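Take a look at these structures.
Shared between the two complexes below is chain A, which has chain B as its partner in the first and chain C in the second.
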Partner chain A sequence: MNWPMTRQTNRQTNRPTSRILSQARKELVQFSRDRLTVALALILPLGMLLIYGYAIRLEAKNIPLSVQDLDRSPLSRSYVERLFATNQFIPAPLIDSSPLSSLDHGLAKATVVIPPHFSREVAEGGSQVQILVDGTDVNNARVIQNSIRGVTNFFIQSLPNSVRPEGIRARVRIWFNPGRQESLYIVPGIFGVVLWVFPSMLSAIALVREKEQGTAIQVYASDLSSTEWLLGKGLAYWLVAVAEAAVVMGVSGLLFGLRLQTGPFPLLLGTGIYLAAAVSFGLFVGARTGNQNGAVQGTAIVGFLTSFLLSGFIYRLENIPFPLSLISNIIPARYYILLTRDAFVRGAGWAGIWFVLPILALQGFVLFKLASKIMQSMQLSE
Partner chain B sequence: MVDSFLAHGTEAGGSAPSATIRVQGLHKQYGAVKALCGIDFSVSPGEIFGLIGPDGAGKTTTFQILAGVMEASSGEVSVLGQPPREARLNLGYLTQAFSLYADLSILENLRYQAGLRKVPQADFRDRATELLARMGLSQFPNRLARQLSGGMKQKLALCCALIAQPRLLLLDEPTTGVDPVSRREFWDLLAGVAADGVTVVAATPYLDEAERCNRIALIYDGKIQQIGTLAELQADLALHRIEVRADALGETEAVLQGAVSRASSALVDLQSFGDRLDILTPNVAQAKSEILQLVDQQKLAIPRLEANEPTLENVFVSHLRQQGADPIYRAFPFYRKPKALSTEAAAVAISADRLQKCFGEFQAVKDVTLAVRYGEIYGLLGANGAGKTTTIKMLCGLLPATQGGMSLAGETQNLHRAEVRSRLGYMSQKFTLYDDLTIRQNLEFYCGVYSIPQKLHREKIDWVLETCGLVGRENQMTGSLPGGWKQRVAFGASVMHEPDILFLDEPTSGVDPLARRQFWRLIRDFARQGTAVLVTTHYLEEAENCNRLAFMVAGEIVAEGSPTQIKAAQPGQLIELVTAHTQRASDLLRQQVEPWRVSIFGDRLHLVLDCPEQELGPLIQSLQGAQIEIRAQRPLPFTLEDAFIGTVQRAEEVSP
Partner chain C sequence: MNFIRRLFESRFWALTLKEIRQILKNRQLIFLLIFPPTVQLLIFGLALSPNVDHLSLGIVDYARSSESREFVSALVENDVFDVAAYPKNQAELGQAVRNGQLIAGLVIPPSFDRDLNQGDSTDVQVLIDGVDANTAGIARGYIQQTINQYTRQLNPQFKTALIETQTRFLYNPGLSSSWFFVPGVIGLVLTLTGSLVSSVTVIREKDIGTLEQLLMTPAAGWEILLAKVVPLFILLMGDVLLASAMGRFVFQLPFRGNFFLFLALSGLYVFVSIGIGILLATLARTQQQVVLTSFFFNVPIIQLSGAIAPIESMPKFFQILSWLDPLRHYVAIARSLILKGVAVEALLPNILTLLMFAVVLLSISVRRFRSQLN
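Coming up: the complex of A and B.
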């Protein structure tokens, strides 16, 4: 009945890495048993990828445009055809023969008024076309204004030489994304958001759950150090995050036609470091909070707001006003997005992005150190 | 002081050469709240040391400091001759919630704990196999922790604490919410662990468990009030207990209660149970004659008197009363007229006739037949999974029965109807109060649930507040109330509509003895007003409060009757043995009789024998043959717990 009570004297011979690995192994087993968490870890990021990938379109398309052609000449008709040939506009009806009515009714975002003697005046050297633009949406108004201007210039250039005014011709060629496929711009940005928010949320929950359910007490009652504990947890959730990254990037390749434009090393290395930083951020939040609710809110709200708004994902970093712009400098997603856009769109390689890796590594290290510092005493807080 | 202990083992002389735990002047403060105000005690190697006390007395804080997971505010603590944090790898710590990972299997939980505590991989396999075999968990090493019963979880947690071969085990209420059979098994295992030289410190709300410790400390209000062996504590109380059994128990109680409140009387305290009264007195002879005299004056039937030792609960309650810890008792002001018991005495409130419930293939309840009359407290007892909760759910109409008939308040059809349900009250295991609502908001919610007319709301709520002593605190958050108070509010909420029939499902789990005693007084008041009460409980001492009891095993009722009848129906005799080698004697006896018949209580053995005249002689001879000296032996009366365990074990032997 009795078991041998010979006490182990060689306890110290166990390498610290084996404790970290056993911690990580336990986390992974626990994670895989909890079907809901597994589903959340893989399905939510995919859902977000699909929603953002398909829903966010910054390009202005299908703008309703009404035309009042008072000239009705072949020239005016070819001008109107040219306007709609851009595919940017769709025809909207003109109401009550008044250029303003269709704007007032919200049926058109812009109206073009072609004067009665348009073709004659063009032939004589110059005419004026009136363009009324709905300025409610400031951004779109500018897009409409520019694009009608562009079409008009193009139209003028296509006229017989006799009437064309002399000037400098700009020949534009689009570099990096020749088809101007917008998803190529958006989707790599989504990686920055998704691969920050979900890894940090999962690791924060994993840490807080132990505090909430009291299993942390058993850990405190052993002599495991906070660094060992957090490294073990972090390692497990880093592996989960790598799986998430593989799924998200793989699906993007299938659905949005994303292809690597350069060698894979900057992306692989950078993603690994970025995920480690995200997991460290989760551990930091988990160390600070005492309940799962706080952990989810902390990682989701802070993660979303910063990686969405202050990272250059959608809004140009240069547009962020002064004190806020300082914050954007410490947002890891800002640097990671440079890297993903390079890998999938620009393909310029190390030259433009080498600094991203040391910055991300430093940020991850600082976050991990902070988390480890908070948990340092490995005791119950009062 | 600490320095001398660092050299423990080599130290010569001294009164306690190498105390496993030495605590001096321990203080702990959380903000403005003083949890511990100067605690001193020491525990010797190989001792089982019990810590008992009401909720919030400072037990958990003490354990957390001993385990090194919390800093003390001041005072000296030495564990195994070291500060607690340095001793962490040599101690095992078991918390109330067992600290298991629900999603990990038995083996994975063990392996993780072994990894935390630096158990070499080579040793792990042997130790795990041995521990699991010892705890009876080896058949299913891959079952997930969340699929285990409460008793099995607790054994697994013990395995986890023992995997690193600690020299000290700290157990913080390890058996709360676990059924009696598992509890007794657990303590038998602990006795074995202690015999191997591991020191055990355990806190428990179950006073019968505390009796199994070598020494007991009573902690209250952050101080240790008393410390000693059970016999020392009993002697310290200097009171004897007289059990009074009479036919007209209510009238007898009223007469004796009057005497207790008189200073000149020899009767010091009276406690009422289901079919008996307990009197505490410093002088048995004087008290007996006083009782007989009082009863004779009132022309009542002569009661049967039996003198006994005071229980640990008597010690506990008497001591706390001296400290003024006893909450003031207020009777429930009834709005309804009491039922005329004489005419309706025979009327059956709850009845079940061959009730059955199957969940798929599994038969949870088999042929349960019972009847509860108005004014009666009926207890349903059983281990986890015996079918108690299923039965109570069927009876109060929450679950349809697979087969069999039942009636509630005279109705047999459509028991789910609002008219029937409005006459029922139900309080479940977890007090169904919302922690994040105030007390008043909770009570208002239940007024709505029980469709009490709007104009009566205020009156009823004031009534509950008054009874709970919470007037003026009704806007406090319910979550901030201590367990005992919360339970009274929950009880108040479930009886606000003055039900004729009351179902209580484990109403007192995790509530300390004082609050529990108050609570039963309240239930008795209700029963006297004519309410039929059906209660399930794990807590067998408390089952003494029931008028009638039924034991359930595997979905069947195996014994029924008053507490006295059930104890009397137990075959055989309980014998207490004091031997020189308790653990060896226990191991030896367990080879000769079924293991459940032998258990260790501190330095004594309890032995249940069906025919002591024939069996005892040979057993004692075999002990003496193994050079175990027998210092004392005497017969003891069965407790309800002994009866319960005996009944359950015999039932399981018949149908394994």
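Coming up: the complex of A and C.
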């Protein structure tokens, strides 16, 4: 180590904790000098938060809907009016007076075909309306089907000859998120992705850089053990990660109106452990790969794909099919997202999520152990 | 014949051969061309599924009658809900939903069958966990429709509604989610692989310093660059074939449109992705910077393309922004040709935009490349 600080405080460095601390301090100084990495550490997480936070929405609003009204009666016109009164649909033109071609051209997502004798048939007791839905976007195909049915049921009740049968009425209440704001679902999930990818990427780059530049060998020559070295590095990048977490969560509070629904302890503790696990993952990848390119690729592709796709970030975890669902069980982001969604939306507190903390702690510990084992064997073989 | 002989004797041909040899020797590049696309297609195609089924439902049945049991079995008949628990009372049900063990709960009142037998209406309470807003909305729709239908069955005189809706899902009648994602992911894979591979091959010569040696040869800038682009193009077309084969045989995509048109337009998009890659390489100085900046570019390109989340559900601003995203146009083309089987006329706006992107990106990167050479 050609760092003056560690030499001056030689007496202090006899104790492992102070050796770890001075290693962490050195790492932070080095980090703050590398402009590109500092910018990367702060701008990329924010950019990702903004893009995902605003652009991932599953339910379409303003769906273009075309109508082929073969009846052209007052009744059919008021039915069409009711369809567009929901604000969910916007009118789209009908091309070539064929119900299919505006779907083919992608100008409409659905076409409603009202049959020629619609109003007479309704007066006589029953008519059929055909709905053609573009099934390409599976999720919104269902949403469209549901809302047209809902509007139709509503319309039926307003008809003069509708006799509402007495029966079961559902009083539906939606909990935790009564307005069904999708941002409340997506944004806490983003924390799981962003706070995994970037802390691990930074620590992986830092570790690999020392290997590339050969300064890692100087460490082997000093009295610093490889575990202490990794702990010092890890601590420094953990602090950077805490700063990232504070920025990302603070900005989401401002932009997306996220508020803590419970006491802060589960979130604080869980985030601390999660970030430590992410940093350990980065150290592990850094220990395994030989160059910075590989380190970035490894953390970006593996960390990103798993925390994005196998964590229940966009769609329900239960929908992941069998062999992949096994992998999703060992993805830390999957557990952390449960915790953030509880803290910011559900608000049940410890009762629903206590198991998250020991699982994350175990995963972080295993990852760190693996990293230090690799570094140790490297030190011995050197 | 003369032309062919001239081609084989040209400087360009020698440079191309050099590039091909270099690529074939580079194990990492071959790995990047085969492994990540395969894994990405598989994981995206299998893991992303918006299906709403087998939601865990808790039931508090205060009526405990044959009528209420029949009602419950009608509700879970289509597998949207699975009965997961019978909590003792409402408080216990609420606790289970709060802890995330149940997604929905149903409370049947004690007077359920008495009300129904007397011809009165009865209220059942349904509570749904709204954290996942999308699932909650679809689940609510299902519950209300099932209850409507069930009520009608109870009263034979109202068996048919005044207006019956009949839905047909076009292009994807089974609503299989991989049919939505896989065409988009083919575009995503081409973007990631194409930009990465092309930027890495350009930047490596810059890194090692061999680019200057190339400069000293009599070859012109465009010859050097074209010799780099052509082999990459051929290799990336191999990726297109790999992805289509996986789409056809793993995910059973229908490929309703003209397959050669699909290949040709994919080739056009490959040029766009190569253009992005070379542009990135001329912007950056080292390999590490390339990888970082490509990460920075690729996230918005993918996110705004509609490959993962539909464009129609984005806020207006992002919808407009997405027109500037080349991947958006390719994804639209891929979905139209693979799922809808539309004719080329319907795709003309997308094709022209892609063509424009290819020309602009390639000419900017050639110019930047040339100015760096001087």
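We take it that the second predicted complex is superposed on the first by the 334 of 382 C-alpha atoms of A that agree within 3 Å, B and C clash if a C-alpha of one lies under 4 Å from a C-alpha of the other, contacts with A are read in each partner's own complex, and residues count from 1 in each chain.
The definition used in the following text is that a contact is a pair of C-beta atoms (placed from the backbone, for glycine too) under 8 Å apart; a residue touches a chain by one contact, two chains touch by 3 or more.
Since the structure is predicted, the reported quantities are computational estimates derived from the model, not experimental observations.
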Original post:
Now for A:72: first (chain B), second (chain C), both, or neither, which partner does it touch?
Top reply: neither
**OP:** May I ask you to decide whether A:133 touches chain B, chain C, both, or neither, giving the answer as first, second, both or neither?
**Re:** second
Original post:
Touching A:215, do we find chain B (first), chain C (second), both, or neither?
Top reply: first
**OP:** Please indicate which partner A:18 is in contact with in the superposed arrangement: first for chain B, second for chain C, both, or neither.
**Re:** first
Original post:
What's your read, chain B or chain C touching more residues of chain A?
Top reply: C
Original post:
Counting only touches as set out at the top, which of chain B and chain C does A:34 meet: first, second, both, neither?
Top reply: first
**OP:** Considering only the touch criterion stated at the top, classify A:373 as touching first (chain B), second (chain C), both, or neither.
**Re:** neither
Original post:
Looking at the overlay, does A:259 come into contact with chain B only (first), chain C only (second), both, or neither?
Top reply: neither
Subject >> Where chain A meets both chain C and chain B, residue numbers >> reply: none
Subject >> Complex contacts: residues of chain C adjacent to chain A >> reply: 36, 39-40, 43-44, 46-52, 54, 71, 95, 97-101, 116, 119-138, 140-145, 147-148, 150-152, 154-155, 157-158, 160-173, 175-177, 179-180, 287-289, 291-292, 295-296, 299-300, 303-304, 308-310, 312-315, 317-318, 332, 335-336, 339-340, 342, 346
Original post:
Which residues, counting only chain A, touch chain C once they are in their complex?
Top reply: 36, 40, 44, 47-48, 51-52, 54-64, 79, 100, 103-106, 109, 122, 125-143, 145-150, 152-153, 155-156, 159, 161-163, 165-178, 180-182, 184-185, 205, 292-293, 296-297, 300-301, 305, 309-310, 314-316, 318-321, 324, 328, 338, 341-342, 345-346, 348, 351-353
**OP:** Would you tell me which residues of chain B are touching chain A in their complex?
**Re:** 30-31, 64, 67-71, 85, 88-89, 91, 93, 95-97, 99-101, 103-104, 108, 111-113, 115-120, 123, 127, 130-131, 134, 144, 160, 165, 192, 196-197, 587
Original post:
Which of the residues in chain A end up touching chain B in this complex?
Top reply: 1-3, 5, 7-8, 10-14, 18-19, 22-23, 26, 29-30, 33-34, 213-215, 217-224, 378-380, 382
